[in-house]
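As written, the chain order gives the labels A, B and C, with residue 1 at the start of each chain.
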Amino acid sequence: MPLDTSTYNLALLRVDGRRWNELRRVHAQIRTQAAADGSSYLEMGHTKVMCVVTGPTEPGPRRGGAAAGGAGGGGVGSGGAGGKAEIVVGIVIAGFSSVDRKRYGRGDKRTLELASTVSNALAASLHTNLFPHSQINISLHVLSQDGSLLAALINAATLACVDAGIPMTDYVAACTAGSTSTYAANDEGADPLLDLNHQEEQELPGLTVATLGNSDRVAVLVCESRVQISRLEGMLAVGVDGCKQMREILDRVVREKGVRMIQEGTVEKGVGLGDIDMD
Amino acid sequence: MPREVDPSLNEKQFVTQALEENLRLDGREFDQYRPLELTFGEQYGVADVTLGKTRILAKATAEVTVPYADRPLDGIFTIATELSPMTSPSFEVNRPTETEVLLSRLLEKTVRRSGALDTESLCLVAGQKCWSVRVDVHALSHDGNLTDAACLAVVAALRHFRKPDTSMDAGVLTVYTPAEREPVPLSWLHSPFCVTWSFFGEEGETAVLDATWLEEQVRVGSCTVSLNRHGEICQIAKLGGTPVNAVVLLQCTGVALAKVKEFDELVDRRLTEDLKRRDKGGFMAELRAENDR
Amino acid sequence: MAPDGPLVLPGETIDPSLVPSHPKNPLRLGPGLRHIPPTDIVPTVAGQLITNPVKNSMWIEYNSNRYIPSPNDLILAQILRSTTDAYLCLITPYSAPATLPHLAFEGATKKTRPQLAPGQLVYARITPASANRHMDPELECVSATTGKADGLGPIGVVGTTSGSGSGSTGPGCVFDISLGFARRLLMARSREDGGVGVLEMLGGEEGGGLAFETAVGRNGRVWVGSESARTVVLVGRALQETDRAGLGMEGQRRLVKKLVREMK
């Protein structure tokens, strides 16, 4: 189904009624799984992702090769050598997550690439050098896909790592950015768009950005569509800005959960915890 | 499977330290490629790329098959990458390492998904017969920057390739041998090339092109940009690694465009040379008695 | 290759006139030659047949890719990890690790043994007792007879205090060279016998008197250290280029001059 992008110029509204710089509804929870060391659930629009973190633990028996991991999905590790914890990411994409009900096998290269990206992005933020000879297992489950999958995976993994209490430099927050009108139209007036849904992702050029905290430093930049080089700057600027918004949202989720846990008495209200300023 | 051996502490430290003093171990500038050589084989569609000590061989082939049921009007185009133990003992046949998966995805996104080859032109009879074009990429030796070399080899092989001519006459499909009719080139739309930046330093502030294997082992992050000479980005992949300032990334894309134009010229030049070499002066000249057998 | 000698192939018959005959010393066969009783001497590898009439010895000089440890070889090894009483070291990648006992350093006792991190380089000798083909080689960084390091030991990493031994400190890097070239560099008179003068030239007038130190490992690795990183890169490139292009004396002189001019 081709997306009718011509209507955008009339009302400056996108297919789902958003303006160019609006994120979709983001809903996130942490500590959803009692059994895990850290867990999270994240919705970005209709993209729904669950994440479970175990570790840092002693690595299990060595499995042959890097391509080992969660059942049905791909698993890829990074780090490991030289006194650092290895981050093993496994991604399971549920068969019912998208419209076409595709089966994703173990060796699916796209899934492996996603897993490797999440693993390498987090490796840059987590202080893995504090846990030599150990392993951090991140298991991601995709329940529903509606665009910005990689961004949702990175955000969910970050939240779960916060929940697991793994020391990290800052949040790694991700989102997507795109551009109105396709690559063929060398349209100078093309507007950048924030947070693409599935339909927009299919039709328009877009990229996924992940930044470290509030800085302009880009940890992940993935562009999989053809786009004029002149439009990269605009898209990147919008993407980085979106990541900052996303960081605020993730931060709020963590703080709200923290306050609730103190109220419920799960955590003793200690000396340091009283100083958390809520805004 | 033997594990990849890390470079020694001395090497790691020296590479980083030398880069801080604007020095690379082989004396190159930061934005300088190693000597790049491209040769074509006797057959159509064989390209051999050497980039310093890295060497890649790509071979394009075509056969007539049945198109996929969901895409009856498209031909089939696949890129197969293989990193064999010949390249490095840590690679194993039939068990793709992370390097191989990422390389094959990058080539897929750069060449196939960017629509460099017009797959509709490969269709012979809608829903029944089509060409299946396949490029096999073999890494013969690995001294870093497999991606850029492999991408160049794939593009060069496909542009050099000629598939047998065909004709449709009253519902009968005829495929001609090279002797009957001159083979025809593929319908090629644009030539994308990969340019890989490697980042060094605490905040990835030092960006270096065409890293050697040792540099690749020491780097803190990398970013592969694929462009064609018209300035269209086909894909960007910075898959994790130390965060790099967005401005630096934009500058890198700008420099990459200049490099891509150089690659494009190189491939064009080599193709013209190859054409000249093959051109024996027409059909009559080829039939002369004093020619080599 | 500088030394003269006929080229032989495996299984070839060696002309008896080439076999040195010495009145007193017994004939000694070196690498690549096999004695089939009663009188046949057959080469097992392709290479150049070298004979030494004074020592009454003969061997085959060849440039292989694979390093086979043999006793008393000086090598550059890389620490893999430490066990209770020894370090495991890699001599060549993808081969079985060699052991380097904690006490095989100059002046090392149970309390004062050097602490080496994984990945650190050591310049060591393969002990005379080990390195037969049936067991993993054992290394030592101290001479068993004198108890001195004689220049062996860990090669320092800037910012760490390396233990005993040569104690090189400045920046340094390792360069891969071919095994034949490493042997030529290690010859007692490398300029005359090996045909390698590039190091002397770099330190001499052609190179403008560069100050650097080297440690050549028979396993095809050479460490170059100097106060200035620029010099290290220059020396490393000169060595690799000489090896790759098989340069003669004149070629080496030109190369040194060219590199020095480029790197200025």
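By definition in this document, a residue touches a chain if its C-beta (ideal position, glycine included) is under 8 Å from a C-beta of that chain, and two chains touch if they have at least 3 such contacts.
These figures come from a predicted structure and were not determined experimentally.
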| item | value |
| --- | --- |
| Chain pair with the most C-beta contacts | A-B |
| Most widely separated chain from chain C, with each centre as the mean of CA atoms | A |
| Chain with minimal offset from the mean of all protein Cα atoms | B |
| Distance between chain centroids, defined by C-alpha means - chain B, chain C (Å) | 39 |
| Whole-Å gap separating chain A and chain B, where each centre is the average of the chain's CA atoms | 30 |
| Distance from chain C to chain A - Cα centre to Cα centre, in angstrom | 51 |
| Touching two or more other chains - residue numbers and ranges from chain B | 6 |
| Junction residues of chain A - those touching two or more other chains | 82 |
| Numbers and ranges of chain C residues touching at least 2 other chains | 119 |
| Interfacial residue positions of chain B with respect to chain C in the complex | 2, 5-15, 17-18, 21, 23-27, 89-90 |
| Of all residues in chain A, those that touch chain B in their complex | 64-67, 76, 78, 81-82, 107, 109-110, 112-113, 116-124, 183, 207, 211-212, 215-230, 232-233, 236-237, 240 |
| Complex contacts: residues of chain B adjacent to chain A | 1, 6, 92, 95-98, 101-102, 104-105, 108-109, 113-115, 203-204, 221, 223, 227, 231-247, 249-250, 253-254, 257 |
| Residues of chain C touching chain B in the complex | 78, 90, 93-94, 117, 119-121, 155, 157-158, 171-174, 223, 229-230, 232-234, 236-237, 259, 262-263 |
